[in-house]
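The structure is given below, and queries will be raised subsequently.
Letters are used for the chains, namely A, B, C and D, taken in the order the chains are written, and counting of residues starts over at 1 for each.
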Amino acid sequence: MLDHILSILIFFPALAGVLGFVVNKDSIRSYGVAVATIEFVLALWLWFAFDNTVSGMQFMETIALIPTFGINYIVGVDGISMFIIILAAFFTMIGIASLGDTKDIKNMIITLLFLQMTMVGVFVALDAIIFYVFWELSLVPMLYIIGAWGGPLRIYASVKFFLYTFAGSLVMLVGMLFMAYFYYQATGQWSFALLDWYRLILPETFQLWLFVAFFFGFAIKVPMFPFHTWLPYAHGQAPTIGSVILAAILLKMGTYAFIRFSLPLFPDASVYFMYPIAVLAIIMIIYTAMVAYAQKDVKQVVAYSSVSHMGVIILGTFALNVEGISGSIFLMIAHGVVSGALFLLVGVIYDRRHTKMMDQFGGLAHVMPKYATIFGIMMMASVGMPLTINFVGEFLSLLGFYQQSHILTLLAGIAIIVGAIYMLAAYKKMFFGNVTKEENKNLPDVNKRELIALVPLVIITIWLGIYPKPVLGPINTSVESVVQLMHEKSITEEAKKRIPNLLEDITITKTSMKGAH
Amino acid sequence: MLSPVNISMESLNLITLAPMLIPVVGALLIIIMDLFKSEQDKSLYVMISLLILGIDFMALLESAGVFAKDGTVMGVFDVMMIDGLAILSQFIIVVASMLFIPLALSKSRFSEYAYAEFFALFLFMIAGFQFMVSTDNLILVFVGLETASLALYTLIAMHNRDKSFEAAVKYFTMGALAAGFYSFGAMVFYALTGSVEINQIASVLSDNNYADIGFVLVGVVFMLASFGFKLSMVPFHTWTPDVYEGSSSALAGYMSIVPKIAAFVVAMRLFEFLIHSGVVWLEVVLYALVVITMTMANIWALVQQDVKRMLAYSSISHAGFVMAAILIGTTQANSALFFYWILFSVTNLGSFSMLWISRQKKLPSGQQSDHSFDKFSGLAKTSPLAASIMALFMLSLAGLPPFALFWGKMYMISAAVTGGYTVLALIMALNSAIAGYYYLKLIVYMFMKDPIIVHNADISAVNATNAIKTIVGVAVIGTIFAFLTVNSLLEFVTSFVYNSGY
Amino acid sequence: MELFLYTALFAPLVGSMFAALYSGSPKNIIAGIIPSILLGVSLISSTILLVLVLTTGHTLHVEMMTWMATGDLYIPFGFVVDQISVTMMMVVTLVSTVVHVYAIGYMSHDKAFNRFFAWLSAFVFSMLILVMSDNFAGLFIGWEGVGLCSWGLIGFWYHKESATWAANEAFIMNRIADLGMLIGIFLVFWNTGTLQYDGAFAAMQNLDTDTLTWIGIFLFVGAMGKSAQFPLHTWLADAMEGPTPVSALIHAATMVTAGVYLVVRSNELYALIPNVGLFIASLGAFVAIFAATMALVNRDIKRVIAYSTLSQLGYMFAAAGLGAYWVALFHLMAHAFFKALLFLGGGNVMHAMSDELDPFKMGGLGKAMKGTMILMTLASVALAGIFPLAGFFSKDLILEVAFVDHHFIIYSVLLVTAGLTAFYSFRIIALIFHGEDRHTALGFHPHEAYKFMLWAMAPLAVLAVIAGFLFKGTYFEMITQLLPATEYHVHSAVTYWIMTIGTQAFVIAAIYFAYKKYMSKDIKVPDGTSKMENSFAYKLLINQYYIPYFYEEYLVKPYRELSTVCWEKVDQKIVDASVDGIAKVFYTTGVKTRTMQNGNLSTMLKWMVAGTVALLSLAVVFGLAARYSGEIRLFLSGLGV
Amino acid sequence: MEIGLNHYLVLSTILFAIGLVGVMRRKNLLMLFFATEILLNSVNISFAAISHYYGDLTGQMFAFFVIAIAASEVAVGLGLLVVWHKRHNSIDLDKMSTMRG
């Protein structure tokens, strides 16, 4: 069974979803929770079975699908992807568990299960086309969730979300086809297998073009400035669960893909585009943080804040060294946890007041102390307080990029200031002061069902903030191999210089370790 | 004093005629039956035509086997040419027809199916198309083309509603013009080379290496015009939406597939050699035609209020998309053409059959046309299954993986990439994005809006019978599980195309 | 021994968590007592550690566990107890124990009593992390931790707009500085390959000066934020919105001195870059006098004390900058004692006057609250630096340092500041306790604070008195095992005596002047009419040199407006609109061009023919071009194409 | 001068052009059909001429087929026309534009 654990992880939820049509409407929630829990347990099992010392792919499966055109069903997992999978399983679980009473809940839960299939699929796929299949497929359930359960502008938002991402990924598809063609020219046979592509060394100009092609697909998904405008609409209109999954997992597809495709395939191009992308990332960080500060709708604040954080992730990714990339991957998980939690929290108040406008609140700390406390913890995590999960990620990402450029890092570091500004402002508006609105006077504090979702998140936030090693270790192992691969593949002097060669560094590491003790 | 003509029957090789003769015989059979006992139920004729098509299919398998063994076969004074393209296209034609015929078994009665002639004409049409694709003799192409077209005009008209007559007239008139263009073009080539066989024309032209290119181009222009009409290339496309709207959904779906593939094959035979012998002009013009057709058709589809017209425009743009294969002209591209078209026919037949299923006899109040978008609003609430199936076809048409058409699109774009048409590849990709909008529009109506029009019956079943449901089911399975068949399909198609030298 | 270390470190955390358990429920005295006891425990274990360090001279270095490890980066949770940190531990634990006990009384009427102790103990824990950790990252944890707790405690009464505003201001200003600190840490890592103090400082010895300078500057920026040095000083005065014990503990004794601690801790670095040191010293001196002047006129007890804290921090930085790290640390310690004492006394007064803070409305409180008067007077004397109290030994030492190092400008500035300090301290003493009784008229009925609160303050008082002449020797012995042991002796005894006595005389004069001015009968509550209040200097000082105004007008407001612009104009009008624009272009083209399909047959036919003709003409052109290609080429070549 | 191939070709081209113009200008369905007939027959002329010029029969064969097809086209066309006339008793093209867009 362990040999096929990944396929099980992918297709179990979908299968369960199909069977779910049979389940009675009243007990569908328990069914969904059960399925999601099993999936989560399987994911945990994957973690325990995972060998931390191996840097390469594990639990690989290969099934011939279209051998004549080099398309095969290849899946595998390494330190980079594993935790995001676990996160996806986890969020689907608590998402379903914390689901309030929504209209036709049955469709919702089945859709969520299908969505889970696509999410897991994206992160384990090792064949470009398979990756693309899941990548595109993930749009459909999200489209439905936003469009069917969303707010007044839901149709506009969902269609925009779909088409924008769709357009971007079609360009990416062209890029993939080119990549396969180059492989065909080099080796005389078609292949879309990622591990085959890794062995391919392309001339720089090709790398640049292909990098751009892939960039469109990924950047829109992330979403990077200036392709980010679909996100606020999607978040603003989506139901709570939709925003949670979107922020926690779907956005990570983009950044994950950068690490999985762009960096190892086009090391020279990555170096070439490092500064432009870093600048974009910095614009994301500061500009969106300012936009977030201007918002009146707390959900929009969180939405823009997640764009801002994605900027830091991008920056860490393009640090092109172990510290930065590990940091960005860790930050993906961290941001998943924190922003997911924040969206859940916004959902909590939305369920009670049916508004997200901050001027409707104020003094909530008096009436909902528990809620205020959890919100406070999550806010501080999102601001990047040490000993919370976010800090580790941000610290490492910035630290990593500092090696590439001092001044840009200094600018990016402004994140910790502007982030604090909009978050504290929002918190002040919502929780501090006296209760002015009559309807806020006796709001019920968070109930059990919501705590089920929130408490685990708080625990993770603190635990991984204090002791990130169990996650950081495997990530580090895999990232080191990626960086080494990039260094060996790179052809330009610049790239050789920028991307550290770990085989040499080992000695230095030793000395620094000695220095440490 | 003429010497007596003596020709050995072997050299005639009449077996090559078999696939075309079978439907003709079948048609005659039906007519005779009608003579003996008229006013029989349509189901009889449906089943007979189905059987005949089945036999036809067998014959095709036979000739396929022959081709696989010893390549292209010429016959009947070398007029017939049974090569890979012919066989592949005939497969598509016959199978599509077999999928189409059962749609006649609709719940509500429609006048055309009452006549035996309908089915007879239908079979004649198939024969016509088969002739058209399995020859490289311009005369025979012309004959086949016209046989098919004339039959088709009549079939449209038999739907017996104002719009369908209008559609028939329009189609007919423009068809006549196209015929004129065709014959003129053929005349020019004949004048230039003294032959009407494409491969001889090719050889002659290349011998005097395109001395008077100007006249060649004149011929090419007229050919382009007439096939542009058949393939509904912009600006020769104007008939398409009206005719689709005028004719019954089932027939519209059929028209979006079968006549086109036949025309594609001829166009391929005719233009490939010109492009390969480096007629830059043709390359440029085709490039322009392809891009314009794809893009404009998509743009017009955006603004449609009626699903059927929307699908009409979408099929125009699909045709343009596939036309790129002829421009690219590599083996991969040519096989991509057939590959794409097979997958396309599955999906498109499916979607048109869904329209056919939901076809009311008379319009409820507030519904402008047979298949206006409003009609489908909130369908997910009333009949989720139908809505999901329709959505599935839409997604497939939009090229969303892993549904059928995605693989076609992917392979076609890849062909463009390998053929060195990078920009074209990008344009094709982005067009799929534009197309996404109007396919999504229907999904939005079905899943995200509340019912606008009150239907007295469940519209997803007003016209449904088991036969139609079966067809839809076939289409659904074909669409979802395409990825299992893709590999063998590719190998099959590629080998046939390659062995017939394209 | 490690046991004591961990006890000292984690006892407050436990206390905090214990109190946090009650945070939901109404006031419960237990939630105050347990944390205080635990802090006592922590104090005891720190004392034991101190004794250990004192006697054996051994230092303790433990590594609890790995925190972050990736690539070349390795950061453990490591803690070190050496002379510096043990001093800080003593100060922190002692003062906070006192404050805790005091707060049990002070906060007894507050309904959020339990929450208060949760925050307070949490603060102590993070402060201990700050001073005990053995690497920059750990320091940063504590650094941010104390920031967080101060945010929570300044905004403790979160229903007050001013309080929450001050809390956010403090947090954000500290964040600005922390960015500098973070960059400093990055620099340290990429240049030395480690963040451990010992490793890093060892590696720094052979780095080029520029890098070191940058490191020094960035780290000091961090210090400026925490220690509220100019221009990041405004938050400290506003932070007085918090409960008084908080002001005493965080904004006088411990947190604000973290910056000084950082500089002292990285003395090996700053020793290598004297220029930066000089800059620090000058800034310190400037802040000293700058804050003192603002304290002269202010009419809010707590703010006056806050400004005096600010100026004392200036002294410390001056000392540290000049390389007299041990002096700085010594003054830090002494100052912690008497300043905390002063604040707590102020707290008593506030209670007595039911939170009235304007000294002009008091007067003659001495009768009602003798204990408080004595304690506060002691503290003020110590602050003024009168022999033999603590202030004399620590502060005058700094003057000597400046003098001996021939930085006479700094020296004179600091000297003047000493006078000012004495003046404003006794200005409020006089206004509060002596002179006419102005409060009864305003309907106040002052009463002395609980006995146990006074007793709690007693140890501070004792220390304020004896810390100087009793500890200086031993302290010097101990600390100089780690810090550069630079003795500062004025070369000729004569000058020394002149200086000392001169300073004392000057200070005493200032005190006398203060008493004389503010005990006079005709002191009344200022109403903005008197000549002095309308003088420019007064306005300048009372408005804190218009710096907060400047920040509000030219930083905060523009930021708010700019962000609104970013959202409404840029994001919606430009970025998003362009995206929708593309879609719109397609759609409108569709709407416009669909007329081509007007359903009229002859139009359709016309289109077909038109298309054909167009292609035909293209063909003809091409054909002619092909035929006459030779001529055309000739023609073009004629054109020189 | 004696009539050469080119004269025939020119003639047929002219006829073809006339046919095209007719197709475009005529609003009367019947006239329209006539125009299409002209188109096809113009081609026949040149086919005949060319086949004579080359001295092989293919061209004439083609011409015969064209004639046959033209005939059948007329049959179908007139059929449609009659039905249309029955329903609307007009054969004016401009009346025939219920479908548009």
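Assume a residue touches a chain if its C-beta (ideal position, glycine included) is under 8 Å from a C-beta of that chain, and two chains touch if they have at least 3 such contacts.
If you're wondering where the values come from, they're calculated on a predicted model, not measured in any experiment.
Taking the mean of all protein C-alpha atoms as the reference point, the chain centroid lying nearest to it belongs to A. Of all chain pairs in this entry, the one linked by the most C-beta contacts is A-C. Averaging C-alpha coordinates per chain places the centre of subunit A 67 Å away from that of subunit D. A separation of 77 Å divides the Cα centre of subunit B from that of subunit C. Note: centroid distance subunit B to subunit D, computed from Cα atoms, is 26 Å. Between the CA-based centres of subunit A and subunit B the separation comes to 45 Å, rounded to the whole angstrom. Among the residues of subunit A, those in touch with two or more other chains are 163. Residue positions 169-170, 173, 177, 241-242, 303, 437 of subunit B are each in touch with at least two other chains. Shared contact sites, meaning residues of subunit C that touch two or more other chains, fall at 583, 594, 597, 599, 601, 605, 609. Under the contact rule stated at the top, the pairs of chains that touch are A-B, A-C, B-C, B-D, C-D. Against subunit C, in their complex, subunit D makes its touches with residues 20, 23-27, 93-94, 96-101. Those residues of subunit A whose C-beta lies close enough to touch subunit C in the complex are 160, 163-164, 225-226, 228-230, 287, 290-291, 293-295, 321-323, 326-327, 363, 365-366, 369-370, 373, 380, 385-387, 391-392, 395-396, 398-400, 402-403, 406, 409-410, 413-414, 416-417, 420-421, 424-425, 428, 431-434, 466-469, 472-473, 475-476, 479-480, 505, 508-509, 511-513, 515-517. Those residues of subunit D that touch subunit B in the complex are listed here as 9, 12, 16, 19, 23, 29, 32-33, 36, 39-40, 42-43, 46-47, 50-51, 54, 56, 58-59, 61-62, 65-66, 69, 72-73, 76-77, 79-81, 83-84, 87, 96, 98-101. For subunit C in complex with subunit B, the residues that touch the partner chain are 583, 586-587, 589-591, 593-594, 596-597, 599, 601, 603-605, 607-612, 615-616, 618-620, 622-624, 626-627.
Taken together, the subunit A residues at the contact with subunit B in this complex read 64-69, 129, 132-133, 136-137, 139-140, 143-144, 147-148, 154-155, 158-159, 162-163, 166-167, 170-171, 173-174, 177-178, 180-181, 184.
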